[in-house]
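Across the two complexes that follow, chain A remains constant while its partner is chain B and subsequently chain C.
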Partner chain A sequence: MYHCGDLTPKQRAEWLVSLPTLAWLALFLVIPAALIFVLAFRPADPYGGIGAGWTLETVRALWAPSNLAIAVRTLWISLLTTAVCLVLAVPAGYTIARASEKWRNRLLMLVIVPFWTSFLVRVFAWRSLLHPEGPVKALLQAAGLAGPETTLLYNPAAVVLVMVYTFLPFTILPIYAAAEKFDFRIVEAARDLGARPFQAFRKVFLPGISQGLLTAFLVVFIPALGSYIIPDLVGGPSGEMLGSKIAQRVFTDRNLPHASALSAVLVLAVMAPLVAVLALQRKKKRADIIMGESP
Partner chain B sequence: MSKRFGAVRAVDDVSLELKKGEFFSLLGPSGCGKTTMLRLAAGFEVPDAGRVFLDGRDITDLPPNKRPVNTVFQSYALFPHMTVRDNIAFGLTVAKRPKREVRDEVDRMLRLIRMEDQADKKPDQLSGGQRQRVAVARALVNRPRVLLLDEPLAALDLKLRQKMLIELDLVHDEVGITFLYVTHDQAEAMSLSDRIAVMDGGRIEQVGAPAEIYESPRTGFVAAFIGDTNFLEGRVRECPEADYCRLEIAGLGEAASFNDRQVRPEQAVVLSVRPEKIHIAHDRPEDAPRRNGFPAEVEDVIYLGASTKYWVRAGDHRVQVLRQHSRYFYDDRPIRWKDRVWIWWHADDGFMLEGVKSPQ
Partner chain C sequence: MRRSRFPVAVTAAVLAFFYLPIIVLVANSFNPARFSSRWQGFSLVWYRRLFESPEVWQALKNTLIVAVAVTAISVVLGTLAAFALHRYAASRLQRVHYTLIYAPLVVPEILMGIGLLMAFVAAGVPLGLVTIILAHVTFCVSFVAMTVLGRLQDFDFSVVEAARDLGAGWGRIVRKVLVPMLMPGIAAGALLAFTLSVDDFVITFFVAGPGATTLPLRIYSMIKFGAPPMINALSTLLLAVTVTAVLASRRLSRSKR
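Moving on, here comes the complex of A and B:
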């Protein structure tokens, strides 16, 4: 533990340089987040404002079965989205990293091209694609894979589909970056030592890009937990997530304490995997340092 | 075997047979196809033509993991996320051998490379020499029929390289399996190998024991690549005896040479004489049968510590002469720049090369 007086000149300089950033973070992240936590313990007034005094009612109301169902759904939709993204992104990142330079640039371009169009427009595009009279259903019906009653829109599957579509580039890029730095001669060494292609992939390639996998996981899972636009536009009542619930509390019910309580839960849920990953990394780093010091 | 990459013939109609238990080196400049040969043996490349046999079994179509050969890679390619122990155990683990056996075998290997106390370190905590030893152990633990080594010492500095050279030799003696060693360093190949194949441009120039390759190279490339040599272009004048010929060296004079080629008069040949086979002194040597002596002028003196290299002008030729300092280097009249000297060598110490253009 350092006390102020213990700081070396270098550490003091580091603090000084970080000060603007820290001030920014405090002003626009820490204080608003704290406000949200505080609001959760205040009563609502009938006109959409904040009442006087303190109450635990809102926090207790969080345990309502309807909320729990939405929380569970938010969790599994986010996990499923992340899993599908990773499963698709690993071969994609691998292929791009192994492609010749000419092809690598083309493929990377294809990954980035969707960003040229507004996110909202792309989600609306999916709405028309999945619409009961849209082309996807027509195609599936023609192939005999869908009946006239099949609904493609307004269910959790649609949410997962559009979320995977949205987050896939964010997964491919860190995995590609890790695969590009990966020394593929190590895979050759594994094959030489008797590993079948898939064994070499699992035992050598995946651990080799673990940092990229971790980044990809966080980059998808955390925004997925908080998604609001996608479930709102393609989810319908059965595809509701925490994000859409919060929006509903703010805009429809005009109940800020309820919205705050839900938001607080979401913030805690998002922080849990982050803290876990950071702790894991720190533990690993410490173990490496200790190993390095041994004779 | 043949293998081409695009328009490049990396390995061009090459045939090679290794004897069981021997230390065999593929030696040549970079791009000569030696690494491709190794990769063909390991199974990382498939030949365009030809087959690969091991103990009489055709293994051409087997993938690397099914071949009973293992490789020590130039970069070592150790698994960075695994400890030394897990690296060495990798082959046995994927082969699903019992845990006890894996542990015992890995311990045996750790003893062999004398790294028992480093077993729990990660590769990035090891020195270059230690990594190299782990790479060897990781390959040997699988008891391969052939161990393939791809320039395993290239990344090490000179002193360490010499030390590892001796260690590799000891390991080979101890495990007794066939080693196929790829290198561009003739000193490495000479000191380790039972036999060497010298390669150039995807072809094998000569196969033989180190002394054979050095003392009687069959081509100009081999003569120039292995050690230093002087090339003297000339023409056969007569062969009065069966074993000796007299040559007319353009711009120098007449020289006698041992005739191991069965050359005929009027044939164009190149006489190759190694620098250390040539004597140098101020005084004219006594005439002796089959001794070739010429007057010369010293143009350069390069002191090398254990020896000195002299570049002398003899006739139209620049000839290099190497003189070992056996006891007294500071003799009465050290040979200096611009000195008039005599150089001579015995007819048996030169060798004729046919149909080659002097690479110099």
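Moving on, here comes the complex of A and C:
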């Protein structure tokens, strides 16, 4: 930190306009983030608060098999959701990018409008659709695909379904944005040179929109890891994820140190893909410079 | 060259997937049946129940108090931050500033919620509407700052220099030049902050405490502990309000241009 007298007038003005947000975010973002890691080493008190002294007990308890199972489930549910979203979003983004300008705007609106509803309401809508007396089950039963015993709610599959529903538009938009900038003449050239449609798609189109794919991946995978409402409302005990476990520790067990140890795990899980993507991008940029392409 | 029909078919299926739950929800709000698989005629009974529920009105009032306060604070802070980020873009301080402002956009909500809860508990701050406002501002500032920053990207600072050469003081420049020129960005940011505050559940749930219930918290407890048809009616109303607001703001911005 500089002493005030050492600052040029320009620097002083800069500090003056930056200070309000810096102070606010230090107080309500940086300190809380640090507390997540600190409180994992404090004991709980019986009234739902934080006890005195320090302990390693909570961190050691993280290795319980039940916690491990939840961590693994959180990972595979998030990966599966991301994969399904990408598989659906690539053709959708492609179609929107190739549509005429009038249709492009219409389709984009159609993608965005359902998400003007409250997030909770959308989860609730699925809850009533998948309800034992709801329309989806009636339909499946009529088609002979479900028996009277089948439960559609409260399992990991329901969690994946509702998560795909929630995150799909956020995957379509970056892929559309990348596809819109893509020069489709390259695909036509590849076809003229004898590439089969799928080959041209895989070897030319997908690499061409890699930046959009990467953004789409992060936009789904990171919030998916932290999902809480969806597993809480449609997951049941077999669909529990890290996020719902954290909330349970806070509101049911009233044990903040346990919640903070689990949250610290979640922080690290979220950081991993971010750091990986940043490293990948840096490496790619360096390769581009060596290859003589503009980044 | 003949294009494959496959992507178009997937897109159509995706759109059907997007609209199906919402259509069922709106339809069910007019269905008097408690468990809503069969249509039992058109009725407004759930809407009447909704309007007669004092808890819903109280929650709506809390939601609006929070949203107005959050919008006011985050517009001032966010615009100031965007100005700093743009004006001093190259400095090391602004790099830190940018990272901090960017963080709430990527951090999962549950982590912000639990961190803030711990901070409030550790500092002994009683949970209530005030803690909800503090928490909401923390993420709304980022959205306002990014929106205004986007507007600043094509802002010509020579206008400010010209105003200074003509003898205007900073107060006057802010009032007569900066704010009017940035208004579309600020208004868009304010709208975003308001919407995000009204809709937020996860962070609110962590920092609300027992007394202060907002509309999403109310909806959540209605989902968890029964009263489904009333949620259908409430959601339909919310949907109607948002669609009207967005269409109005689009028309407004179009007519200005």
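Here, the second predicted complex is superposed on the first by the 261 of 295 C-alpha atoms of A that agree within 3 Å, B and C clash if a C-alpha of one lies under 4 Å from a C-alpha of the other, contacts with A are read in each partner's own complex, and residues count from 1 in each chain.
The rule we apply is simple: contacts are C-beta pairs under 8 Å (C-beta built on N, C-alpha and C of every residue); 3 or more make two chains touch, one makes a residue touch a chain.
Owing to the predicted nature of the structure, the values given are computational and were not obtained by experimental measurement.
In the overlay built on the shared chain, the residue A:P20 is in contact with chain C alone; chain B does not reach it. Touch criterion not met for A:V234: it reaches neither chain B nor chain C. In the superposition on chain A, A:V220 makes contact with neither chain B nor chain C. After overlaying the two complexes on the shared chain, residue contacts for A:V84 are found with neither chain B nor chain C. Looking at the shared chain after the overlay, A:G194 reaches chain B, while chain C stays out of its contact range. Legend: residue contacts after superposition of the two complexes on their common chain; A:S128 is shown touching chain C, with no touch to chain B.
Of the two partner chains placed around the shared chain by superposition, chain C is the only one that A:A92 touches, whereas chain B remains out of contact.
When the shared chain is aligned, no partner comes close enough to touch A:A71: not chain B, not chain C.
Comparing chain B with chain C, the partner in contact with more residues of chain A is C.
By the touch criterion stated above, A:L256 is placed in contact with chain C alone, chain B being left untouched. 188, 191 are the residues of chain A that lie in the contact sets of both chain B and chain C, per the superposition on chain A. Listed in rising order, the residues of chain A touching chain B in the complex are 183, 185-186, 188-196, 199, 203-204, 207-208, 210, 288, 291-292, 294-295.
Interface residues of chain C, counted against chain A in their complex, comprise 1, 3-4, 6-8, 10-11, 14-15, 17-22, 24-25, 28, 35-37, 76-78, 80-81, 83-84, 87-88, 91, 93-94, 96-97, 100-101, 103-104, 106-112, 114-119, 121-122, 134-135, 137-138, 141, 145, 199, 201-202, 205-206, 216, 219-220, 223-224, 228, 231-232, 234-235, 238-239, 242-243, 246. Interface of chain B with chain A (complex): residues 42-44, 63-65, 70-71, 73, 75, 77-81, 90-91, 94-95, 117, 120-122, 125, 138-139, 142. Within the complex formed with chain C, the chain A residues making contact are 14-15, 17-18, 20-22, 24-26, 28-33, 35-36, 39, 49-50, 88, 91-92, 94-96, 98, 107, 110-111, 113-114, 116-129, 131, 133-135, 138, 165, 168-169, 172, 188, 191, 197, 218, 222-223, 225-229, 233, 243, 246-247, 250, 256, 259-260, 263, 266-267, 270, 274.
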